[in-house]
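Read the structure below first, then the notes.
Think of it as A, B, C and D in the order they're written, each chain with its own count starting at 1.
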Amino acid sequence: MTSNDLKAGRSRDEMAARLAQDIPNGWYVNLGIGIPELVAKFVPEDKTLIYHTENGLIGMGPSPAAGQGDPELINAGKRQVTAMPGAAYFHHADSFVMIRGGHIDLCVLGALQVAQNGDLANWSTGQPDAIPAVGGAMDLVAGVKSIYVITQHTTKQGEPKLVESCTYPLTGLGVVNRIYTNLAVIDVTPGGFGVTELSPGVEFKDVQNQTGAPLSDIRESATAGKK
Amino acid sequence: MIDKRVNTAHEAVADVFDGATIMIGGFGEAGSPIELLHALIDQGASDLTIVSNNTGSGEVGLAALIKAGRVSKAVCSYPRTANSTVFTELYRNGQIKLELVPQGTLAERIRCGGAGVPAFYTATAVGTPLAEGKELREFEGKQYVMERGLRADFTIIKARMADVHGNLLYNKTARNFGPIMATAAETTIVQVESVVEAGEIDPETIVTPGIFVDRVVQVAQPAHESELVAAGATYP
Amino acid sequence: MTSNDLKAGRSRDEMAARLAQDIPNGWYVNLGIGIPELVAKFVPEDKTLIYHTENGLIGMGPSPAAGQGDPELINAGKRQVTAMPGAAYFHHADSFVMIRGGHIDLCVLGALQVAQNGDLANWSTGQPDAIPAVGGAMDLVAGVKSIYVITQHTTKQGEPKLVESCTYPLTGLGVVNRIYTNLAVIDVTPGGFGVTELSPGVEFKDVQNQTGAPLSDIRESATAGKK
Amino acid sequence: MIDKRVNTAHEAVADVFDGATIMIGGFGEAGSPIELLHALIDQGASDLTIVSNNTGSGEVGLAALIKAGRVSKAVCSYPRTANSTVFTELYRNGQIKLELVPQGTLAERIRCGGAGVPAFYTATAVGTPLAEGKELREFEGKQYVMERGLRADFTIIKARMADVHGNLLYNKTARNFGPIMATAAETTIVQVESVVEAGEIDPETIVTPGIFVDRVVQVAQPAHESELVAAGATYP
């Protein structure tokens, strides 16, 4: 396996499915745009999660059937969605009461970089000609109880996304709890990145080779800690 | 399947602990969760700090909790009303502390507690005894006082209807502090007259989304404080 | 007329009626408990005022017919009221958005004392055995666009309520715009109290005799200033 | 008799002045007041500061206002979306300023502007470029940044239904910034699909009380931005 072999380990769907296993029943969840959105497809049937979208809906359902949508019923990615039984609409200040006030249990986000202390960069590459746009990312990472990142382990160019410290502009300081990549599941611990699980067919040294910061192997203790 | 119902008011308040801070809904008798308050008296927790607009009337509900000696401190805007003698007596005897807060500042402190806002500025109370010892700051030539967000261990409120997700509708001016107190506690407990399935309440009309609610208990025919007081009722 | 002759000039109803004349059509109004509540009875029929009560109702109507009330539809004085067509219910934080945010046009309040700079004392006599209780008074005077005080000119003991500076604990600093008493209508101006109108049968010197601060006579200019 | 109706969108925005700050409702196309924006283009006011979550798409509505050169500054959380090129081009050419604000901070700044709160503290953006130059403060061991309340001269929003008092109901996620922007401007202007008499909307379900609304104009069949953009429409 080389650093350019980005398809090693789990596919996007498999990463999403792996993450979905870890979400407890009944959690209130905000899914970012992109790979995070895939998570909803893989939630086991015996669990009910309630999805929040920061533009004013809790109890968000899947996309509408063709021709059944309402252009004023959309998600944060501005795609048409539906409302599940038990849903509620509210305005933007109330929506961010939920976020900033710590009422959402989990937010799943993509990342440009995650630092070993949990710093996240995911809103801007900092390039001079980029149009700055942040949306709700900074509010989500600052306010939601748990922040899981789901991302390819490296960039398309093979650069590590898990790093000692972020070089891109930050979204939040020390906010990430756990990272799901194609190669591994990695916790942000007081001692830095800790690998709790390797993807099938992936070895610890492969992950370390593609990571820009030291990894500890906490597979034993993570397993031991499970109830 | 989400279902936040619990069977009884007693079950709903079973884990309230000594020394807890509890927000209690209601403005006068409107929205006062009398049955939950009576269950709390039975439950026995003491040394409580309550956050509420008033302190109850007669010797039922909130006044009864206070009379039972369970409350060591009250954070209130108006701790006396008609037929309100319990608080007055304990306060004069030095048996209960009072933090007096202007009503709008109390409401905003609660909202900020629920919104992750640790502090805000308001012109209310500047130059008065209720701003003493608080930080003043000028914005654009006007003085403001800094006030802190307020949170609690438990919130106990009354609503009219819930669904099993905890989405709430209220009745008229009984809404008052309910929607903001629901956001500002670790555990929010609601008594309602009726509980319906998810989807039976129009999502456009929901006042408190269920994310803010932990436990719902049905009290189909809640007592009216004024009727109890008029009848000379006491609790327990 | 002596300082004990408290019934001189306007009665309570006449004071309320006089104040009601000055409220423009369409204003959003919060009436305090006591004499202020009487104002609603005297609003001319060609005007529609919309009444706010801080416990969560705008569009408040009069007391219900006997047996028609709801113990959960009450005003700030905790008396049963009704809701007019066009009314809306809301929670306490939203209610004080209306108040603190300057959306209410007028609040009419009683007073213990008003100082010549507009300071108001109306919530506490400061006596050591009094149970402190403030309610929404401090929010109302700090936030509402216009604050009118309606009060007897002196206490029952004949002490002036309009004074150089308040001796009771303050409700707000420099907040009162206008005072309606049994004896006169008095504006709080940059130069202190200015009498804009005397009650029928009352002379300027009678008002001055019962006032604890100098009065200027601005009846001419006040009239001239009217459109 | 209260009646806040005006006859046309043009009449509703007639007094917008050069240099005004205008809050504009909508999140993407949901809630975007396209007809009022087109009336504003016709009206001609320029050097505007807009406060809005996005900057429109295609060359209709908000994007058309920007393309017409009327906007000198945008206060936004996300000034680009699919089919959004107008803002990008002007920004790259230095023809429009941008104040980038996290979405939740933007919402809370607007709410505080309407609530008489000049400043508040939030953990959002601490340690990021968007907190640079802002005051930091620690509460209970955690860092927060001070943010200021935000007000405007005008608010322009879309709702579903109004009564003649200006009480408003919204449609689904088109509610978004409408209720808070309505509170934070000197003059709030609303386009709605229908207007009913006072008393025809259940007072328990009203989302924006009429006290926050100055003018209501009926636009019975508002355009959908995505349909206009798909059809290649431009304005004027």
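The working rule: a contact is a pair of C-beta atoms (placed from the backbone, for glycine too) under 8 Å apart; a residue touches a chain by one contact, two chains touch by 3 or more.
Computed from a predicted structure; not experimentally measured.
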Inter-centroid spacing, chain D versus chain B (mean Cα positions, whole Å): 34
Rounded Å distance, chain B centre to chain C centre (Cα mean): 30
Between chain A and chain C, centroid-to-centroid distance (C-alpha), Å: 56
Per-residue overlap in chain B, given as positions that touch at least 2 other chains: 108, 111, 115-117, 122-123, 170, 172, 204, 207
Chain A: positions in contact with at least two other chains: 57, 83, 89-90, 96, 99-100, 142-143
Chain contact topology (line, ring, star, complete or other): other
Chains that touch, pairwise: A-B, A-D, B-C, B-D, C-D
Of chain D, residues touching chain C in the complex: 1-2, 111, 113-117, 163-165, 167, 183, 197-199, 203-204, 206, 209-212
Contact set on chain C toward chain B in their complex: 53-57, 70-74, 78, 83, 89-93, 95-96, 99-100, 119, 124, 129, 131-139, 142-143, 169-173
Residue numbers on chain D that touch chain B, as the complex places them: 108, 112, 115-123, 137, 139-140, 142, 144, 148, 169-170, 172, 202, 204-205, 207
Chain D-touching residues of chain C, taken from the complex the two chains share: 26, 28, 48, 50, 52, 57-59, 83-90, 94, 96-104, 142-143
Chain B to chain C touching residues, read off their complex: 27-31, 53, 76-82, 87-88, 91-92, 98, 100-108, 110-111, 122-130, 170-180, 207, 224-227
